[in-house]
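Please read the structure below before turning to the comments.
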Amino acid sequence: MKKFLILSALCIFLVSAAFGQGTIKIGGTWPLADVTGEQGSKAAQLAVEEINKAGGVLGRKLELIVIDDELKADKGVAAIEKLVTVDKVDFLMGGMGSGVALGQVPTMKKYQKIVISTGAASYKVEEALGKDADWYFHLHPWDYEQGASYLQGWNDIRKKYPAVKIDRMFLAYEEGAFGKASYDSSKVMFGKDYNFDGASFKSAALGGGDYSAMIEAAKAFKPDIFIWAGYDADALPMLEAAKAMKFNPPLFVGAPPGWPKDFGKSPLADNVMLYGMWAPSINDVNPVSLKFYNGFVAKYKAEPATYFAPLSYSAVYVLANALQKAGKAAFKADGSVDNAVVIKALEETKYLSALGETITFSPSNIIKHQGIRNQKILQWQNGRQEVIWPFEVQTKTPVYPFPAWK
Amino acid sequence: MAHSKKAIPWIIAGAVGVIGIFLWKPTVLVYGVQRAGLYASIALPMSLTSGILHIVNLAHGELLMVSAYITYTLALLLGLDPLLALIPTMLVMAIVGFILYELTIRKALKGPELNQLILTFGIGIALSQIITLIYTNQTRKLHLDYVSASMTIGETSFGIWDFTFVALSILMTIGIRMFLSRTKLGKAAVAVGQNPKGASIVGIDVQKTYAMVFTISVVLVGIAGSFFLTRQSLFPSVGSPFTMKSFSLIAMAGVGSISGVLYCSLALGIAEAIINGIPHMSGWSDIVFFLIIIITIAVRAKKTRKI
Amino acid sequence: MAKLTTKNLTKHFGGLVAVQNVSFSISSGEILGIIGPNGAGKTTFINLISGIYMPSSGTIEFEGVDISLMPACERAKIGIARTYQLIHPMEDLNLIENIMVGFLFAGNKSMKEARRLATELCESMGLRDLDREVSQLTMLEVKKMEIAHAMANTPKLLFLDEIMAGLNSDETKEMIALVKRLAKERDLAVGVVEHVMGVIRELTDRVIVLESGEIIAEGPYETVSKDKRVIEAYLGGTA
Amino acid sequence: MKRATSYILPVALVALGVLFPLFFGPYPQTVARTIFKYMALALTWDMLFRSGQVSFGIAGFFGLGTYAAALLALKAGFSYPLAILAGALISGIFAYILGFLVLRLRGTYFSITTLALAEIFRVILRNWTSFSGGPEGIVLPQIIFNGDSRCLYWIGLAVLLVVVVVSQYFEKSKLHFSLISIRDNEVSAQTSGVNIFRTLLVVFTVTSFLQGLIGAVDVVSVGYAMPDSAFDSNYTLLPLAMALLGGQHSTWGPIIGSVLLGVASEYLKLKIPYGHLLVYGVIIILVILFMPEGLIGLFRKKKGAKRG
C-alpha cells in the first residue's frame, strides 16, 4: 500500500513535470500604495482567479506574483530582477508611471520576457524601447495617441451635433510631467485647426491648488472648450473656483487619470465632460465590463475607481487567450516560453475587453505592438459617467452647453 | 525712534509696489493675500513648536492631513458642517497630540538634537500609511456650497471664501501672542523656550510645559486642518508639501517670531501670485518662493554679522 | 619692546559702547593685569585682540604689524592665544586631542608631531592620563587644560580670562606659579583678567583698570589700588 | 597587533562586496546597488554633519550631478566615464561657488538654504524645457555596460568605496579635529587657528562633488533623468534617516543604518505588499526611541562598559 502511494506520487510528479511544470507564472509590478496600482493589481488577480476557476490555460493554472514598484525607478528595476531571476516568471505585466517604466526598460530588454504593459503613456518610454522591442505589448494609449483620439472625438461630435461649436480651445495643465506632456501634444494636435491657448497651474496633488490665475487667463480667452489636465485632487476645487469666478465655458472638460470618490454626488459635477477609458456605465453596453465589475465588487467590496482596474484585468485575459491560441507550442521542451510563438499569437489578439473596445495590436510610431489607441469622451450626468464618444459605446447623448452656475 | 525712521523707505517702497500691482492686475493682490492666509494658518502652529520645543516637526503636514480626515469623517458620519465638526476634531487632535508627545517626542527630546527630526519623519510616514490603509489613497472632497462664494467688482469676479484663511491666520496670531504674554502657561512656555534649565530652576515644570505647548500646537493644526478641508481635496500625501513650506516660512521669519510668519506669508503669497499672473510662468513661482527665502536669510545673516 | 600695542581701540554694538579709545601696550615677559567692574569691557577687549570681534575704530599692532582686521585663525598662527571665561572644551575629543587642536592648526603640525608636542606640554603642566574624556576631569584639570589648549598655539602673547575662578586657595597658588613659570620659560606677554585682587597682586607686574570701556588707571597694583577713581568704580568692592 | 586586527573586518567586507555577484543573482545585486547608493549619500551627508551643519541639499547636488552627466552625454557627446566625472565636477563647482553664500549661515538657516537651493535647481531644470527636456525628463540612448547587472553593481560599489575612503580620510586626518572643533565650539576653534570658512568650504565642495558623482553614476545606470525623480526629496530624507539611525559622526553609522533601512524596505515590501511603508515608519520611530545613539550606540556602549 505504502509502496503504491509512493509510486503514484512519483507518477503524478513525473507527469506534472513533463506536461504542466506547475503554474504559468506572471510577474506584475504596480505602485500598490496608489489607487491605480492597488486596484490594477487586484483586478489582475481577479482575472487570474476567474481563468483558473474555468480550468486554467493549457491545463495549467495561472499564478500572479505582484511586487510594489513604489513609483520609484530603482524599486521597479529590482522588482523586475526579482520576478525574472528569483521567481522565474514566464511573463511580465503591469506598470503605471512612465518614470518607473523608463527605469525598467533596460532591464526588460536584457531578459526579453514578453511584457503586457498597462501604463506608461509617455512617448519617452516608446523612444527608450526602440523599434526592436517586439516582446513589449503596450495596452495603454501613448500620450500622442490620446491627443489624436480627442481630436477625432471632437470632430465626430461636432459633425453629429451641429449645435456644438468648437473654435477656441483652452488647455489648463498642471506644471509636472503629466500636464506638460498633455499640453505639448495637444498644442501640436489642435494648434493647426483650433484657436489654441493654455495656462499652467500647480496641482493640489503636489501642494498647489490655487487656480485663480489660470482661470482668469482662461476667462479672458473666452474659450468654446476648456480642458484641464491635472489630477483628481484638482477636480472639485477647480470647479468651485470656476463657479466663484463665474467662469462658464460651453464645454468644461477634465482629463485627470482618476476622479475623486463620490465626485458624481457633487452638484458641481453635473455635465462636466471628461476623458477616460472606462466608466461603470459601460456595464450597460458591454457584458465583459459587467462581469468584471460584479466580480471586482464581490471580491474586494469596493467599486473600481480607476480604468487601470479593467485595463489590468484585460491584460491577463489578453495573455491567457494568446497562450490558449498558441497551444503547447507556447512553451519549449525545457519549459521556457517560446517568444516567437507567443508573440505571434498575441499579434492575432482580438479581445473584446471590459473597456468597451476590442483590443488588437498594431504598430505605433516606434514599437510594433500597440493596443488601445482611443480614449473616450464621457460626461457626468446625474452622478454617473456616461459615454458620449466613441458612438459605438455611447450610453447617453451629450448635454450642451455646460449650464450656467446656479 | 531710529528704528521707525529706517522703516519709512521700506513702507514707501511697499506702497509703491502695491499700487503698481494694483494698476497691473488688481486680482493678484486678492489671490496673493488669500494664499498667504492659507500658508500662515498652517505655518503658525509649527512656529510654536519650533520656537519653544526647538524641534522641527516633519510630521506637521501629516498632522494637518490627519485632522482633515478626522473632520471629513465626522462631517460624513454626523452630517455636520466641517466648521462645526471642527470642535470634536480639536478634541481628538488634543488627544493625538498629547499621546504623540508622551509616547515619542518626550523621549526623543533627551537624545541628540536631530533625533526629533528623524522621529517625526517616521511618524509622518506612519500617519500617512495608516490613513492610506483606512481610506486608500483615492481623493476625497466634501461638497460645500459656501466655498464658491463670490464677489464681483466691475468685470472681475473672484472667490471670497479663502479670505477666511486670512481671518484664521490673524486670529491665530493674536491668539498665540495673547497665550504667550497673558497666560501663566504661556509665560512659562516663553521662559522654557529661552532657557529650559533656567526655567526649571525657577520652578517651572519643563516637561509639562513642553507637553502642553505641543498639544496646543497640534490642536491649532487641527483647526487649520478643518478649514483646509473646506477648500482642498483630501488624500494621504496632501499635507507633506506644507511641512517644508511651513518650515521655510518659519526660517524666513526667524525662529520664534509669530507675527513674522504672517508678514513672510504675505510677501510669499503676493510674490507667487505675481508670477502666476504672468502667462505660462506659473511653473517658476516656486523659484520665487525659495529665492525670497534665501535672500531674506542672507540679508539677515549679514545684518547680524555686522554687529 | 612692545609685543602688542593698541591705539584708540573702540568697539560699539549698535548704540552701546563696549570698549572706547583704549591705547595700551604689553611687552614680552610682562604679566599685565586687566581689572574693572562687571561690564567694564574686559572680555570684549580680549575678543578684539584675539579677533573674535573686529574693532569699530582704532588699531591693533602685533610685533609692529597692523593686525586690526586679521581674522582670528590667522592671529592664532602668528602667536596670539587666549582662554575663555566660560570653558567649553570640545566634548567629542579627549584631553590630549583637545590640546592637539592648537598644534595642528595654529602650528600647522602633522598629526604625529602634534600628539608628541601636546603630550610634552601636558606633562610639563602636570596633566596625567591624557586619554581621559573631558567630562572626567577635575576643576583644576579643566583649568589647566584650558591653558594648555591656548599654549598649544605656541603663543607669544597669551590672555587669560578669569582662569582662577572657582579654584580653592591651594589650587589658585598652584596656578599662579604655573602661569609665572610659563611666562618666564617662554618669554610670554601675558594679559590676565581676574576679579580676585589677591591673584592680581601676586601675579602681575602692571595693571590697567577699565571702566565703561575706558582705561581709568594704569600702573603697578599697589598704586592703582589706591587710585580714587578705581575705588569709586568698584564702590568699595572686593578691593 | 591591534592595527592588524582593525583591518580584518573592513578588508573582509570589501572582499565580500566585490565577490558578492559571483554568489548572488541580479536581484540581490540590484537591491545591493540601491542600498550602496543611499549608503554613499548617507556618508556624504554625515561628513558635513561632523562639523555640525545639517544639509538638506543632498537631493540638490545628487540631481545636479545626474542632470549634468546626462545632458553632457546626450548633447555634448561625452563618453560615459567622462560624463560621470564632469557631472561630479560640476556639482562640486556649484557647491564651491554657493558655499560663499550658505556657509556663513548656521543651524536652521543653513539647512533651509540648502533645501531652497536644491528646489531652485529642480524648478530650473523643470521649466527650462529647451535645455533640460522639461518635466518629462531626458532618456539616454543606452545604459552603461549595456545594463549588465554585475558591472552596474561593481560601479556602484566602486563609488561607495570612494566615498568610504574619503570618509575615513576625514576621520583619520586633521580634518577630523577641525570638524569636531567647529561642531563643539566654533569660537574657540577659530582662536586655535582653525579657518572655519575654508574648512567648511572644502568639506561642502568635496561632499557635493561626491553627491554629484553618485547621481551621475546613477543616471548612466538607470538611463533617464526626470526633475522630480532626480531631485526627489527622498534623496535628502532617507540618507539623513539612515545616518542617524545607524549612528551619527562616523563611517560605520551610516553604513549600518542604510543596510538596516534598505534591507527592511525591500523585505517588508515582499512580505506585506499592501501597507509595508507603515512598518517601515514604525521601525524608524522605534529605533530612535530605544536607540537614541543609533545602532552603533549599542556597540559603543558595550565598548564603554568593557573599558569601565
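Worth a mention:
First chain written, first letter: the chains are A, B, C and D, and each begins at residue 1.
Here is the rule we go by: a residue touches a chain if its C-beta (ideal position, glycine included) is under 8 Å from a C-beta of that chain, and two chains touch if they have at least 3 such contacts.
All of these numbers come straight from a predicted model, not from anything done at the bench.
When each chain is reduced to the average of its Cα atoms, C sits farthest from chain B. Measuring from the average of all protein CA coordinates, the nearest chain centre is that of D. Taking each chain's centre as the mean of its C-alpha atoms, chain A lies 36 Å from chain D. Remark: chain C and chain D have CA centroids separated by 43 Å (rounded to whole angstrom). For the pair chain B and chain C, the distance between C-alpha centroids works out to 48 Å. Averaging Cα coordinates per chain places chain A and chain C 76 Å apart.
Those residues of chain A in touch with two or more other chains are numbered 33, 38, 175.
The set of chain D residues touching two or more other chains comprises 126-127, 274, 277.
Within chain B, residues 129, 132, 283, 286 each touch two or more of the remaining chains. Residue ranges on chain A touching chain D, taken from their complex, read 32-33, 38, 41, 66-68, 70, 72-75, 77-78, 81-82, 84-86, 98-99, 102-103, 105-107, 109-110, 122, 124, 127-128, 175-177, 179-181. For chain A in complex with chain B, the residues that touch the partner chain are 33-35, 38, 175, 198-202, 204-207, 209-210, 212-214, 216-217, 231-237, 240-241, 243-246, 258-263, 265-268, 302, 305, 405. Only residues 27-28, 30-31, 34-35, 129, 132, 136-141, 143, 147-150, 152, 156-161, 231-233, 235, 237-238, 240-242, 245, 272-273, 276-277, 279-280, 282-283, 285-286 of chain B touch chain A when the two sit together in their complex. Note for the complex: chain D touches chain A at residues 25-27, 29-31, 33-34, 37, 126-127, 129, 134-137, 139, 142-143, 147, 149, 222-224, 226, 228-229, 232, 234, 266, 269-270, 273-274, 276-277. Listed in rising order, the residues of chain D touching chain B in the complex are 54, 101, 104-105, 108-109, 111-113, 115-117, 119-120, 123-124, 126-127, 233, 237, 240-241, 244-245, 248, 274-275, 277-278, 280-285, 288-289, 292-293.
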